[in-house]
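Just below sit the structures, each encoded as structure tokens.
Below are two complexes that have chain A in common, paired first with chain B and then with chain C.
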Partner chain A sequence: MKRNVAIIGGGQTYHAARRHDVDQAEMVNEAVRAALKDARMTIDEIDLVILGNMEFFEGVHLTDCWLVHGSGAYGKQGVKITTGGTVGATAVCAGAHHVASGLFDKVLCIGFEKQEEGDTGAILSGVANPLWGRSMAGAAVGYFAMMGSSYIANWGATEEHSAMVAVKARQNARKNKYAHLKLDITIEDALNSRMLAWPIRMLDMCPASNGACAMILADEKTAKARSKKPVWIRAMETAHNEQFELDWRDVKTERLIFSKAAAGRLYRKLGVDDPAKYFDVFEIYEPATWAELIWYEDLGLCGPGEGFRLIEQGKTNIDGPIPVNPSGGVLSTNCIGASAMLRVWEAALQIRGDAGEHQVPKDVRRAMTTAYGGTNWTVMTALSKTLED
Partner chain B sequence: MENKTEYKPFEVDQHLTAHGNYWAGKAGSRFFTSLRDKKKLLGSPCKACNKVFWPPRSVCTFCFGELKDMVEIGPLGTVETFTLVTYSEPIQPRTAPFIYAVIRLDGADTGMAHFLDEVEIGKVHIGMRVQPVFAKDRKGNILDIQYFKPL
Partner chain C sequence: MATKDKEWISIPMTVDVPYRFAAGGYMTKCLTELRDNGKIFAVECPKCKRVQLPPRVVCAECHVKNEKWVELPHEGTLMNFTIMYLPLTDPTTGKPHEPPFVYGSVRLDGATSVLDHMVEVEPDMDKVWVGMRCRLVLRPKEERIGDLSDIRYIEPLPGQKKPQTKSR
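Let's turn to the complex of A and B:
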């Protein structure tokens, strides 16, 4: 990067299925105030505001305009970003590019979703391809079900393995005071939850959450002057597929799909040979349990078809050698526009040692995050504690 | 977590109706016309990449080359993956239970998501050979294929 970029502050709301006490601007403002407080800054110091959410998921277009008082963007330079499920990470990525370019020193990035206020089903029909997909659109569950079905048939995993992911996420979420689904569940509970589309059960899917996350990025000079614990953005990658190409629904595909392409490029940038050893913690975007297992494989934490062995052996537990989603992840909290930013923010908290009860019990110097969106693209971010890490 | 409030939260109902048109384009127009009039399914081949795309397209996703030809694909195909949908929500085109499958039509390199009917769920498997059932009254829509069924 032309200039080094650090995360010098951040904040999030409590995430919940209902937020009847605030409107969208008020909810966004909670996260913005938390981020400014964390960075010990005032809104006047911010040069640029980047706002992101899942287009129309709360029944409003031009959220950058309507929420300008809540976001603090009044009179400032600003950009709105809508890249679907990845948007929170895209906002951070765009913010980092703006700082790295030298044009801006202090950028506020915001991701939010007040999912309860829009017609998610109707809007997802709008997301489907009007010619080839819309008359058969089946929301996200059907997509992940076909992925799970392919995973079981090709690799010999069972429903117990996805249940292990479901339990890990919700038990981790119980340690995260901001998480939405803090469920004290067992493998049996997961296996007995209602079948939606085989092999996806209720507890295999993420919830629909309301919430917001905000982060403040700064150049090296500002970060070193203003922050006791800056977290450095070391590399970012993004890659796109399209839905009709062979994708995660064919787990044996040998084509270089988005997830492997982006991870490969990011590892090359940083000189990573063994990502499971290089990074101390992962925060990945897993809207469904099966997606987490495929992420393990596509990130190179294990070989193809071995993802379910990692969860079986407890390797990705909060106290395991490769902790994945100590926050509880998207399976526990999915305020879509904020979800991908929460991955980056949670990873930054881990590096700072500020994750509280869900802090992984080891020295965290490097972290890796993924975003994932409708239905085949990703934004990845690698963070470190110092510029030497 | 709902904050303790000193006011009663007030909700204002919202309702929008949206209608749109969508032109199917160079490749799409040929596909839908052929489906409607001849019950023939078309894909777009890229000779440079040795791929045949469904949905058909005028530009190769991989090499950015312009694709002008179309070739017949299917009508038979193979199940690449599937699910049995057992919950209902308004977005779904059918009431549960029903089977969704990704079907790779013979001669194509990408799969088509569609319904699979006239089959017991226990018998569906990846690799199963299937054939389309065309609607009698075809309108130039992907539902001119009503569903697929086993051979």
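Let's turn to the complex of A and C:
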């Protein structure tokens, strides 16, 4: 990057199914205040505000304008980001590019969603092509169910494996005070939960959450002067997929699809040979259990068809050798516009050693995050504790 | 956080928005062939030879114009599926599909792409599987309107049994 960029502060709301006590601006302001407090800054010091959500979920467009008091953007430079489930990570990515370019020194990035205000499932039908396949659009569950059926048929995994992912996420979430679904569940509970779309059961899917996250990014000089624990953004990657193709739902695809293309480029930038060893923790975007298993494979944490063995062997547990989503992940908290930023912020907390009860019990110097959204595209971010890591 | 002893006002609202989407050059040809002749037309990339359905003007991978039209057979292989237990609303009609129902992705023989559609089969794990051979069933010509719904559903080819595999 042209200039080094650090995360010098961040904050999040408590995430919940109901937040009738706040409107969108009030909810966003909770996260903004938490981030400013964490960075020991005032809003006057911020040069640029980047706000993101999927505004069609709430049906209120131009949120950068409507929430200007809550975001702190009044009179400042700013842009709005709307990129599906990746929104929050895209906001961080855009913010980091603005700092790296040398044009801005202190950037506030915000992601939020108030899912209770709209009908997310119905609105998601608008993501499908209007002329080709929209009659069956209407929820993400069907897409992930087809992914699951492909995974089971091709790799020989069973529903027990997805249940293990469901349990890991919610047990980790119990350690995260901000998480939405803090469920003390067992494999049996997951396997006995209501079937939504074979092989996806209720506990295989993410919840609909309300919440916000905010992060403050700064250039190296500011970061070193202002922050005791800056976390460095070392690399970012994005990639789009082709539409109308099977791709992510075909576990045996040999195409260089979005997930593998972005990971490959990011690893080349950093000189990563073995991501499972290089990174100390991963925060990935898994709206459904099967997506987590496929992420393991696409990120190269194991070979193709071996993702379910990783979860079976407990390798991605919070205290395992390759911890994945110690925060509880998207399966436990999905406030869509904030979800991908939460991956980056949670990874930063792990590097700072500030994750609290869900801190990974080892030295965390490097972390990797993924985002997922739209009709298959991703934003990936690699973080480190020092510029030497 | 909200507390039970305090009142919070929230106001319900329904917004009904009509749209009209242009099919454009490639999709119009595809849909008129389907409507008038009951044929499925895809395009083949001159460079990578991938046979793309629905047909589109440019190959996303090679960035070259797709100009060769290829007629596809109505038979193919089920690549994945789900048995849906939720009453999903059909956004094109506003009415729910009655659960449980089966839908999945069929790869027509010779195509690179898949077509997602309803599978006309009992919602029973012994009656549907990945790899199942199937065919398209179209509406009778007089009922076709030049829309993907001119394909009523995918149905299994007769005489097949679910193979005993490593999957459940």
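One rule holds in what follows: the second predicted complex is superposed on the first by the 386 of 389 C-alpha atoms of A that agree within 3 Å, B and C clash if a C-alpha of one lies under 4 Å from a C-alpha of the other, contacts with A are read in each partner's own complex, and residues count from 1 in each chain.
Just so it is clear, contacts are C-beta pairs under 8 Å (C-beta built on N, C-alpha and C of every residue); 3 or more make two chains touch, one makes a residue touch a chain.
Keep in mind that what you see is a predicted model, and the values were worked out from it rather than measured.
*Asks:* Determine, for the superposed arrangement built on chain A, whether chain B and chain C clash or fit.
*Replies:* By the criteria stated at the top, chain C and chain B clash after superposition.
*Asks:* Mind working out whether A:Leu387 is in touch with chain B, chain C, both or neither, as first, second, both or neither?
*Replies:* Touch status of A:Leu387: no partner.
*Asks:* Identify the partner contact of A:Cys65: answer first if only chain B is touched, second if only chain C is, both if each is, neither if none is.
*Replies:* Neither chain B nor chain C is touched by A:Cys65.
*Asks:* Looking at the overlay, what does A:Glu159 touch: chain B (first), chain C (second), both, or neither?
*Replies:* A:Glu159 sits against chain C, while chain B stays out of touch.
*Asks:* Contact-wise, after the overlay, does A:Leu103 reach chain B, chain C, both or neither (first, second, both, neither)?
*Replies:* Neither partner.
*Asks:* Just to be sure I follow: which residues of chain A are touched by chain B in one complex and then by chain C in the other one?
*Replies:* Common interface on chain A, chain B vs chain C: 14, 16, 18-21, 59, 121-122, 125-126, 129-133, 135-139, 141-142, 145-150, 153-154, 194-200, 242, 244-246, 249-250.
*Asks:* For a test of understanding, state which residues of chain A touch chain B in their complex under the given definition.
*Replies:* 14, 16, 18-22, 59, 117, 121-122, 124-126, 129-133, 135-139, 141-142, 145-150, 153-154, 194-200, 242, 244-246, 249-250
*Asks:* Report the residues of chain C in contact with chain A in the complex, numbered from low to high.
*Replies:* Against chain A, chain C makes touches at 1-3, 6, 8, 10, 13, 15, 19, 21, 23, 27, 31, 52-54, 56, 60-61, 79-86, 88-93, 97, 103-105, 107, 112-118, 125, 129-131, 147-149, 165-168.
*Asks:* If we count contacts the way the header does, which residues on chain B are in touch with chain A in the complex?
*Replies:* Where chain B meets chain A, its residues are 1-3, 5, 9, 11, 14, 16, 18, 20, 22, 24, 28, 32, 53-55, 61, 80-87, 89-93, 100-102, 109-115, 125-126, 141-143.
*Asks:* Which residues of chain A touch chain C in their complex?
*Replies:* Those residues of chain A that touch chain C are 14, 16, 18-21, 59, 121-122, 125-126, 128-139, 141-142, 145-150, 152-154, 156, 158-159, 194-200, 242-246, 249-250.
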